[in-house]
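As written, the chains take the letters A, B and C, and residue 1 is the first residue of each chain.
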Amino acid sequence: MLPVFWIAAIVAIVSTVMVITRANAIHALLYLIVSLLAVAVMFMVLGAPFVAMLEIIVYAGAIMVLFVFVIMLLNLGPKGVEQERRWLKGGVWGGPCVLTFILLVEVGVMLSRSGIAESPAIVPVPPKEVGIALFGPYLIGVQLAGILLLGGLVAAYHIGRPEPRDEEKPT
Amino acid sequence: MTIPMEQGLMIAGVLFILGLVGLMVRRNVVFMLISVEIMLNAAGLAFVVAGARWGAADGQVMFLFILAMAAAEVAVGLALVLRIFGQNKTLDIDAANALASSVSVGFQEPAIAQAGEPIVAPTDAQTKSPDESATRGETDPC
Amino acid sequence: MNETVRILLCVVGIPFIALNFAAGLIWVERRLLAVWQERYGPNRVGPFGLLQPIADAIKLHFKEDWIPPFADKAVFVIAPGIVMATAMLSCAVLPIAPGIGVVDDMNVALLFFLAMSSMGAYSIVLAGWASNNKYSLLGAVRAAAQMLSYEVFMGLSLMGVVVMAGTFSLRGIVEAQQDMWFCIPQFIGMCIFLIAGFAETHRLPFDLPEAEAELVAGFHSEYSSMKFGMFFVGEYIGVVVISALMTTLFFGGWMGPWLPPIVWFLLKTMLVVFLFILCRAALPRPRYDQLMSFGWKLLLPLSLLNVVVTGGIKLALMEGPR
C-alpha cells in the first residue's frame, strides 16, 4: 500500500503546483479537484476511510462545485485569462517562492530531528469510532461548527443579496 | 506496514506552502480563495496523519471541523467575491481598497484622505483600471 | 483458484452487464413510453425492435466527432469521460447478491456512492462550460445549482437508513432488513431519495439542465458522435445505479423467497427502473424556481425531520444502559 501513498502524494503535489500556476480559473479548479482526490486516496491508505469519503463529498463535490458555479456566473471569458496571465508574468514568483522554500526547509529539518521515526502499523479507524468521538468528547465542537455554519449561511445570504439601489440607478 | 508519519507531515507542509505561494502571488480574489482552500486542506492532512499515528479518531474529528469551517468560509468568501466584482467590475484584490485613506472620492471628509495620500497614491493609481476608477465615484464605499 | 475466478468474473462481468443493461434500457424505455403514449415505438430492427440499441450505437460511432473551434478542447473531451467513469465506479459498491460484487464489503460504501454521484455533477457542469455556448452555459449553471442542492437531500434522506442499520456498509444495510424492509419505516426517506435521484440523474421531471424546449438540449448541444453517446449511456447507468440502490436500501436487496438472490435483485431493480420511466411518461417539467423552492423549502425540512425522528425512536428503543 505504501507505493499507493507515494503515487497519491506526488499527484497531489504536482496538481497543486498546476493549480497555483494556471491562468484559467476552471483549469485551476480541475487540478485542485484532482489534488483533493489524491489527498482522499492518502486518507484511505492512512486508515481513515470516513474522512476520505467526506473529502470527496464535501470538498471536491460541494465546495468546488460552488467555485465553478461562481466562476461561471462571473463568466470572465478569454479576457479574464489574458489579464491573469499578465498578472502572473515577471518577478512576482521570486520573493514568495524563496521565502516559503526557506520555511519548508525549516519544517523538514525540524521533522527529521524530532525522532518520531518508530511509527506503529496502520490501524483503520472505522466511521463508527469517529462518530462516537465526535458526539462524545467533541460535542461542544459540533455545536460550535453548527453555529458557525448558521452564521456563514446568514452572512452569505446577506452579502449575496442584490442591492436594490443598483437596479434603480440608470447606468 | 507502518505509517509514513514524517513523510505525511512533510507532504502536508509542501501542500501548505504551495497554497501560501499561491496566496502571495495571485491578485485575483477567486485564486486567493482557492489558495486558502489548499492551505486548509493541507492542515487537514496533517491532522489525519497525526491521528493515524496514534490510531485515534481525534485527527479525523479535527478534519471534520476544518471541513465545516471551510464550507462556511467559502460560502461567505464567494458571496464577497460576487459583491466585489459587482462593485469594482474587476476581481483585482488591489482595487478593493475603498477603506484605504487614499481613495477620497467616495468619502465625505477630505481631511482624512489627504493625510495618507502621498504615500499610497502612486502605487494605487497603477493598479486601478480606468473604467473601475470612473465608477468608484458613484458607488457607495461600504 | 475458484476464488480468483469469482473475483475476476465480478470485476469484469459487473461493468459489462451494467453497460449492456443501460444500453438495453434505451430500448425498454422507448417501448414502454410508446405503450403509455399509445404508439408503437421502435419495432423494425430485429424482433420487437430489440436490436435498436445496437443500431443506435453503430450510428453514433460513425457520426463525425466534431469539436467546436470555440470550445475549451481539453475540458470538452474530459467531460463525457467523467460521467461514464463515475457511473461505472458507483457500480463497484453495489451488493448484488452474497458473494457477487466488485468490492465485497466496503465499510463506507454508501458514502462512496454519494461521493461518486457528486463527482458526476462535474461532467455536466464542465461540458456546459467548455462548449462555450450561451445555452450550454445556462444548462451548466442550472445543473450546478440543481445537483448541489439535491445532493444535500439525497445524503440526508439516506441517513435515516444508516441510523436504523447502524452502518454505512451496503451489505450490512441489506442484512439489517432481514425482518422488515426499510421502505416501511423509512417511507419518507425513500420518497425523498427517489425525488433526489430524479434530480441527480436529471431525468425528465427534473431535466432542466437539458430541457430541449428552452435550452436546445442544454449542456450537450455541442456534443456529437460517441461523446454524446457517453452522456446518454452515462445517464442510463445512473438510472440503473439509483434503482439498484433503492432496491438495496429500501427493498431488502437480494432477499426474497424461492428464487435465487440475484434474480430477486434484478427483478426489484427492474421494477424501480420502470417507475423511473413511468414518471418520465406521466409528469411535466417544473419551472426552475419551483424546483429549487420545492427542494429547499419542502424536502430539506422533511429529510431533517426524518433523521431526527428516526434517531429519537432508535434511541428510545435502545436496550440497556448506554
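Definition applied: a residue touches a chain if its C-beta (ideal position, glycine included) is under 8 Å from a C-beta of that chain, and two chains touch if they have at least 3 such contacts.
Quick caveat, the model's predicted, so the values are computed rather than measured.
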Chain ID, smallest distance between chain and overall C-alpha centroids: A
Chains linked by the largest number of contacting C-beta pairs: A-B
Where subunit B and subunit C are represented by their mean Cα positions, the distance between them in whole Å: 37
Distance between chain centroids, defined by C-alpha means - subunit A, subunit C (Å): 28
Mean-CA-position distance for subunit B and subunit A (Å): 13
In subunit B, residues with contacts to at least two other chains: none
Residues within subunit A bordering two or more other chains: 50, 54, 62, 66, 73
Residue numbers on subunit A that touch subunit B, as the complex places them: 1-2, 5, 9, 12-13, 16-17, 19-20, 25, 28-29, 32, 35-36, 39, 42-43, 46-48, 50-51, 54-55, 58-59, 62-63, 66-67, 70-71, 73-74, 76, 80, 84, 87-88, 92-93, 95-97, 100-101, 103-104, 107-108, 111-112, 114, 116-117, 119-123, 125, 129-130, 132-134, 138, 141, 145, 148-149, 151-153, 155-157, 159-160, 163, 165-166, 169
Subunit A-facing residues of subunit C, complex: 72, 74-75, 78, 106-108, 111-112, 114-115, 118-119, 121-122, 125-126, 129, 137, 140-141, 144-145, 147-148, 151, 155, 166-168
Subunit A-facing residues of subunit B, complex: 1-11, 13-15, 17-22, 24-28, 30-31, 33-35, 37-38, 41, 44-45, 48-49, 51-53, 55-61, 63-65, 67-76, 78-83, 85-86, 91, 138, 140
Interface residues, subunit A side, partner subunit C - complex: 24, 26-27, 30, 33, 49-50, 52-54, 56-57, 60-62, 65-66, 68-69, 72-73, 75, 126-128
